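My questions all concern the structure below.
Each chain gets a letter, A, B, C and D, in the order it is written, and its residues are counted from 1.
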């Protein structure tokens, strides 16, 4: 019976891993090959490629974001020993947000550097606000329903919860900042990811 | 020998899981970045994004549908201990329908809110009619050919069969309703998914 | 050591399974949502969807083809207990052809029913001629380099070899027939797939 | 505890394998179906397909490149028995480059045979320069932080390091050559891949 439960967790995790891997690889489709008149020379192609800097920023940002989300998801699942229905719903909500990321990424790539960039940046970071809510719900569900392994200390549960709440606050702040200035909002968001990358790994 | 059979089931399941994970992640490609004149400001971008509500409905609906289909597929496979050729054909038919879902989703997203929405909604829900037929065939094949584990009670087999037949009837009714009114048809279909989500998890 | 080799085979197979699952799911991208003037009504959408019959034929054909190729690949790997470099090259050649299938599928969908359909059908079936060559090379490599499990009888090795040679001959004939009449060529090709589906499963 | 660490390595590898499998299968999306006037005949379609030779070269090159990168990645992971944070960052950098490959591939396919081909080829090979830097960083991280299994001889560690440095030098040279003549640069790059294919497998 225990084996059966273990296997069930494994399948959910394998499916989730697949979704993360596909979403992170689909990001590249957002790059559009610059089309130019047939006689365009090398210099013109260089300029056209350099004009793709918003695509590059959006691509790098989303790659880092999904990678952190995967590492996080992965770390959470290592502490879980059984699943139930609200847990699967909460996990489904997280996956929904992961599969959605390529779209706001493409919107940001299209409008960064244009008058619409503040809205595009707010839409982009706003996606991560909802994603953050999904992670908060996931952790609340997991802990309240006692799905964690028995050797996970309460202090750790609290630290994760506070970390996720902190993330949500920073995301909301970044979204508001982006409505005032796109670059400042995106930089705040990126700072969070860099902080998480370092913090995450130190903590392990 | 038993190990070999077990492994075989595992591979079919892993391949199927991959198809489900990819199909659910490809749904996002249906969102088209709104293209606007170069000088478009933030307000115009907000309006353009809000106009994507049909894409959002189609995306959410199909995400929920594929997720339920995966959970279902997954639950069925846990009760199966061996495979044979008609079983693999039936499974192939289900996967065919899963990979097809992104196309009617894109059609619905394009025509919801236009005069063609009733046809688009009927085409969309009609896809799930065929998917439902595939699930009914799958279950009939699995039970008739005695591929289930020995500890599965007959009452359970019957309950699943009736559940799938009920689903097929509701899908057909939703398709007909959609030809009369797209929103009513889609709402009926969504009700089925919500009912299944709750029922499914309670039953486990 | 044996474990290490076993694991190696498993990884190659898992990677190959991923490629098959993605290629079969990407086929749906070949369907293009019909774009119509804003005031188009339901009847016009029905007609536009019905005009997609070439896409449907191409989609169904390629789905069946890749599914058979996967089942086949899968069956072959169950008989193999170790790998070496020419084996990995031969497997890579097969995967190259699998990932390529969505393109001739899209070409067939675009030109079926137009004056260019004979060339499109020949290009489509011609892709499977090369795929068939890849499978023949794979089997020749596997048997000549003694990578099979010891309990595989010589009669079986011969039967597989003859089956692959037979497939290659039928594919070449179908390609030539398609240059004369697209429908006849495609029907011949489809007959082979149906024959294989039945034969394959009976044999197991 | 050792089991837990082993499992962790397995998950990272499975995620990476997924990314490689998806990136290699997405390459086919770079092929664009030639659109022609409705009355176009077979001869015109043949000519249109033949004009896709740059797409074919770019597709084959990138397929071989990603396949070699996967085999390489795979071989490295077999020698590693634990992970830590810099290791995961280095692996993430490699995956970033793998997911990016389809874009320069599409650029090369678009501009090969046009006046912009030298820039396109340099951009294409330049991507592999950065990829090569990622592999060099990965190996330096792995060895310096003592993540290798204990039975890996120092001579082997050195040979891999020198192989990666050699690759980096050849890639830089190929990029510079491509700026002078696209074909020469690409041929140099291809020679490296062929050399690696043979060398790699002999060494194992």
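Everything that follows uses one rule, which is that a contact is a pair of C-beta atoms (placed from the backbone, for glycine too) under 8 Å apart; a residue touches a chain by one contact, two chains touch by 3 or more.
Keep in mind that this is a model prediction, so the values were computed, not measured.
Enquirer: Do chain A and chain D, two copies of one chain sequence, contact each other through the same residue numbers, with over half in common, or through different ones?
Expert: different
Enquirer: Which chain's centre, taken as the mean of its Cα atoms, is farthest from the centre of chain D?
Expert: With centres defined by C-alpha atoms, farthest from chain D sits B.
Enquirer: Just the number, please: Cα centre separation of chain A and chain D in whole Å.
Expert: The separation of the two C-alpha centroids amounts to 25 Å.
Enquirer: Taking each chain's centre as its mean C-alpha position, how far apart are chain A and chain C in Å?
Expert: Roughly 36 Å separates the two chain centres.
Enquirer: Please list all residues of chain A that touch 2 or more other chains.
Expert: Where chain A meets two or more other chains at a single residue, that happens at 14, 18, 22, 26, 29.
Enquirer: Which chain pairs here would you call touching?
Expert: A-B, A-D, B-C, C-D
Enquirer: Which of the residues in chain A come into contact with chain B in the complex?
Expert: Residues 4, 8, 11, 14-15, 18-19, 22-23, 26, 29, 84-85, 88-89, 92, 95-96, 99-103, 106-107, 110-111, 114-116, 118-120, 123.
Enquirer: Across the complex, what residues on chain D touch chain C?
Expert: So the residues of chain D in touch with chain C come to 14, 17-18, 20-22, 24-29, 31, 33-36, 38-46, 49, 59-60, 63, 67, 70-71, 74, 78, 197, 200-202, 204.
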